[in-house]
Amino acid sequence: MGTASDIKLIGDDGLRLDGRGLDELRPIKMEINVLNRADGSSYIEWGGNKIMVAVYGPREAYPKHNQDINKAFVRARYNMAAFSVDERKRPGPDRRSQEISKVLSEALESAIMTELFPRTQIDVFIEVLQADAGTRIAGLTASSIAVAAAGIPMRDLVVGCTAGKAGGKVVLDLSKDEDNFGEADLPIAVLARSKKIVLMQMDGDMTLEEIDQAHSMIFSATDRIYQIQREALESKYTVDASQWGE
Amino acid sequence: MGTASDIKLIGDDGLRLDGRGLDELRPIKMEINVLNRADGSSYIEWGGNKIMVAVYGPREAYPKHNQDINKAFVRARYNMAAFSVDERKRPGPDRRSQEISKVLSEALESAIMTELFPRTQIDVFIEVLQADAGTRIAGLTASSIAVAAAGIPMRDLVVGCTAGKAGGKVVLDLSKDEDNFGEADLPIAVLARSKKIVLMQMDGDMTLEEIDQAHSMIFSATDRIYQIQREALESKYTVDASQWGE
Amino acid sequence: MGTASDIKLIGDDGLRLDGRGLDELRPIKMEINVLNRADGSSYIEWGGNKIMVAVYGPREAYPKHNQDINKAFVRARYNMAAFSVDERKRPGPDRRSQEISKVLSEALESAIMTELFPRTQIDVFIEVLQADAGTRIAGLTASSIAVAAAGIPMRDLVVGCTAGKAGGKVVLDLSKDEDNFGEADLPIAVLARSKKIVLMQMDGDMTLEEIDQAHSMIFSATDRIYQIQREALESKYTVDASQWGE
Amino acid sequence: MPRDEVGILSEIKKNYIIRKLEEGKRGDGRSVDSFREPIIQTNYVPRAAGSAMVSLGKTRVLAGIKIELGEPFPDTPNQGVLTTNVEMLPMAFPTFEAGPPSEISIELARVVDRGIREGKTMDLQKLVVEPGKKVWIVFIDIDVLDYDGNLIDACTLAAVSALRTSVVPGSTAELKDFALPVDNIPVSVTMVKIGDKMVVDPNLEEEQISSGRITVTTTQDGHVRAMQKGNIGYFTWDEISSAITTSQRLGKEIREKYLKV
Amino acid sequence: MPRDEVGILSEIKKNYIIRKLEEGKRGDGRSVDSFREPIIQTNYVPRAAGSAMVSLGKTRVLAGIKIELGEPFPDTPNQGVLTTNVEMLPMAFPTFEAGPPSEISIELARVVDRGIREGKTMDLQKLVVEPGKKVWIVFIDIDVLDYDGNLIDACTLAAVSALRTSVVPGSTAELKDFALPVDNIPVSVTMVKIGDKMVVDPNLEEEQISSGRITVTTTQDGHVRAMQKGNIGYFTWDEISSAITTSQRLGKEIREKYLKV
Amino acid sequence: MPRDEVGILSEIKKNYIIRKLEEGKRGDGRSVDSFREPIIQTNYVPRAAGSAMVSLGKTRVLAGIKIELGEPFPDTPNQGVLTTNVEMLPMAFPTFEAGPPSEISIELARVVDRGIREGKTMDLQKLVVEPGKKVWIVFIDIDVLDYDGNLIDACTLAAVSALRTSVVPGSTAELKDFALPVDNIPVSVTMVKIGDKMVVDPNLEEEQISSGRITVTTTQDGHVRAMQKGNIGYFTWDEISSAITTSQRLGKEIREKYLKV
């Protein structure tokens, strides 16, 4: 977590710097089928995050020695556009994005019925166009509906949220300031209905009790986010370029 | 094109800094079969440019997934020796040389009868030993006779020249100063007899009329250069190391 | 060899800075089977050098186009741990370690009966945990017993030592100071009994007579070191982690 | 450009396209010399100094501008620095791969860059803070998100649109923020040759069956600032000459319709 | 983690392990919630600023610390710098390859790093020589020499043990040498799920048949400093919650037994 | 070195070569201990600080020297810097590949470098402009253009010939240009073992059937400055000893004939 700072993350009114309550989400919007070439795609806006996801597959795994005779393997690639962050990011994977790609691949593979597609791979390309804290969870939540939009069977949708600690309080869905200057960050993703945890990471300083409180907030939030996922899937939104963004 | 400068590229006598008239070429010399190991080779001196070309192939394309069942593919690799330019160049391809390799590959492939050699590749290695403006065209012109020397059938020889704008005038075969401080650079390569254009690039500032004038100069120059190519091929020059260079 | 220096490498008593006589070795210890996963392994301490070696193979050569239908090929990889030298070394191979890997591979392959294992490769991983002059020879000497411990037939053990020139004298088994500030460095490795030379390098300044004297010192030293190799192999030392190091 | 790698185009389809072209018709109803209507959404990434999402048919690219302080090149101490990079993201097409840029994406970025640089889009001399020491570096980064042909023109249009809305963050250097000074508006127009027809702004299908590609970039004065012939194939001089005229005409139209000052 | 790449484990063996686990027994005689006895040898590489060879069953790793002067990061001018790197050496396992770090070794290094960084193991503010200009850079480098499961915990233990014995070479900057100030002792505990059992400190065989891995790193105050779920598979919240409790308990034991101040 | 990768050499040919060698004859008519006549053309690249094209039979290499101002290494503040790089260009042989240098080309460059460095060819202390701050960096770059055996000797000869004609561009630092001070002339002589014969300056065919290669570099004082055994195979001490004598003798001849001061 970020460095010490005098920044006061929770106001005297009990609200957060951006006016949210402790367990309030930022606005979330999702669409599917936003790209033409991919087998499935989605777009998510979550606070200031803007993320595009494309899914290709199942397709023959390449190189061949990567093929698993029992199942498909899932390869998520999380990437930040050079202009997505405050200081220009050099193109190409860094250590952080490689770790995120790994945990996202594993989370998705935990949900996809990979046993139906032996010897294949499923590629999930996650492009962060604008980053605003919580990109890995937003990217994963969007990936899950892009996989569904590609017609790939899943046990359940994957849906996630972060919580953390900021200004001494457990808060839901960290903002950028809370991520930078708060005390802890706890992203969790689950299978939407069973609440089985397929991604969890944490860094910072929290007690077991705080983590327990944070997980309850997250579990409850995932119900709300799952609803948005389902609406996006049901509206079968077809791209109308004139409406991107706003 | 280069930065603004007070350098006067065309003298009051209407001549260029190196004494040439506006549509005058620098001295050009070519030889073939200058290397032993390659299937075909050539050497060109064009002004201060010194360039060696080696051709290998047609040979089995590698890796296999690069094989085209209908034709050979042509892979030119343009490379500058570390000592070929004023400031030492780090070995290995940079973005400029990769772009040049692409356009040279395409120009050569446009001339070679690749349909005769399915599943193979033809490698053309172009090593700039000393650079003096116009290396891509000099390298391409030399490549073309190296391909011929390798016995690979072509529709016609590829021959090129640059023109450009310097000191407000359209001039043929830019010198290094004209390249650095002039207003525009226009390299063109054609099939020698039909004048079909297989390479063309341009950067700078020219009107359609100026480009038209430049292309006429180039087309006329390619006849003269083609003559040198043919003489080199006909003399079937066999290497005599004691005579390199001079 | 190192830069000129006022350091006095041979004392008035004729002894070296670390108290050794001119043809005296530093203390050497070897063990085999120190690792569990490898097919064969060894550990050597030679002066302050601490080196671990693991052997895998013969196993199918990969990629396939590396396979030799007549024999195994031997691929030694010499690597320095980041913390093994005074200034932290960036992980990964540099030019020095790649050259050493080549000469060590060749020295080992000269001794191994590779003709018994066509189409395979034998990997020898040499990890320098602490470096103290003479790592290539120490690593090679340890590699040889690791190969033997893996049950791979050899014509003979490979055993080596360095000599060199320091303070005007020919000395055996250069120390770090002698390596840095001495006049010449001459590592030699031989097949233990026949004294056939499988590795030799030299840099510095020596006359033929000095080299002859150095080779005699080395040949005699290899008898002593070969003895330590054989003892290590015979004791079939099985790892007892509580005794590493001391 | 990938040629039929997804096996979409049968020989039959190819012949059909060519026959239609001979009648002057294209699959999407356009005439051979018309440009797809671009959709341009500027400020798509508010956190960037400038940005523009551009779609050209089903091709979609996003240009983002970052402007940071840095050192000038030693040989141009009195100029800011411009760099252009294009990422042909693997999300955009089945055979695009992650990893270091291919020759294709390098050529693409360099042709876009030349149009902007030689078009004198920005006056780089206005981007100097301290001569020889501190200048503004303008990073143009373009993500290719969806690929249906003619990336050069889509990327040039996105880059120019993004530059036009960019703000130099002077406040990070204890100066004032100011609009990036954009003086000239280069427009690139790309054509491919199919049979003996010159086809403007090709989509992917058309690219796949074409032989030879030519790009001409002009500015509002009608001058040519950059040209690039690409791919295997050739052009006659008459074809080039008429390509230049077409580019001048379409450049004017696009500039007036989509890039009005 | 490699899954049965060497073909050691047959289906029969796997079922046997699971059946035994249901009886609460493991191949090496441990109970499901016990840690292998680590063997820790500090100062293994005297030439490093600090070092520790650690074996955990047949897994063996060597951590070495180098401490050098350098520049701080611009956004933390008043702090030293910490970097952690793990080399999964090809000597350690048949399928480990030389070359740039894999996703697996990057995750491993980052999880170890987070435990140490968030555990506030060192007070980085004590590692400043000249604010904004010169600070001590602490390089943690870990060689994986032999692999038999649970690298995260072995590497964390080795890194912490090495840091505890490290000396900052002040004399190279005309200062005094001083012991690296280590305040907190993070301990990571990793568990995998086999069938419905949570198994602590898995060996390679157990890793290969497991579904889901969870690591919890705590400090002596019982607080959680880092967590990481890895691999394909999932956990219920109850499993996570009990994993945290297990980590707190074992962390305390390990700290008292092997990392006493 | 590539061994028969182009399938040129049949077993029959190999036996023929060996039989001939037993009679003391080589394919090109040389005796076993004679060197091919080098052809050396200095100043081949006038724009470089120095250069030399060298052919040794059908092997051809071009060495170019660049000399630029830069910083000395921290541990040798009073010396210029020397670096040597060899590019085994893919034009020179069917199996040479573009890309990062292979182990073979690294060894080649390092053996050439050691001969020049340990031979004290240049007095690096004369290449200091401002101690600890500014020194001349001498870049030796060698292009291998055509490969027919014995690259080490061809490259050493080219590098030394190029250095001897090099001019330090002092005028770029407001000093005077001056001839690079070359004091010693190292010559390398390489031999391979074929059967039980030591064969000097092998061509490609001979390299392909040889077992073991030895290079000895000497200076005019007859001292040995560098040695390198390469390839699979071995030598007896007597063979090495006589190789040193051969190198001394041939080094003297070559120095007098081709490198006269």
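Labels A, B, C, D, E and F are assigned to the chains in the order they are written; within every chain, residues are numbered from 1.
The rule is short, and it goes like this: a residue touches a chain if its C-beta (ideal position, glycine included) is under 8 Å from a C-beta of that chain, and two chains touch if they have at least 3 such contacts.
Note that the structure is a prediction, hence the values are computed from the model and not measured.
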Quickly list, by label, the chains bordering both subunit D and subunit F.
B
Using mean Cα positions as chain centres, tell me which chain lies farthest from subunit C.
D
Average the CA atoms of each chain to get its centre, and name the chain whose centre is farthest from that of subunit A.
F
A-D, C-E or A-E - pair sharing over half of the B-D contact pairs:
A-E
At what distance in angstrom does the C-alpha mean of subunit F lie from that of subunit C?
27
Starting from the mean Cα coordinates of subunit E and subunit F, work out the distance between those two points in Å.
49
Per the C-alpha means, the centres of subunit B and subunit E lie apart by a whole-Å value of 58
The ring order, beginning with subunit B and continuing to subunit D, is B, D, A, E, C, F
For the complex, which residues does subunit F have touching subunit C?
75-76, 79, 101, 103-104, 106-107, 109-110, 114, 117-118, 212, 214, 222-237, 240-241, 244-245, 248
Residue ranges of subunit F touching subunit B (in the complex, touch as defined):
39, 41, 44-48, 51, 53, 55, 58, 60, 62, 64-66, 68, 85, 87, 89-94, 98, 100, 139, 141, 143, 145-148
Show me the residue ranges of subunit B that touch subunit D in the complex, using the header's touch definition.
1, 3, 95-96, 98-99, 101-103, 106, 109-110, 186, 190-191, 195-208, 211-212, 215, 219
Give the list of subunit A residues in touch with subunit D in this complex.
35-38, 41, 48, 50, 52-54, 56, 59, 77, 79, 81-88, 91-93, 123, 125, 127, 129-132, 241-242, 244-245
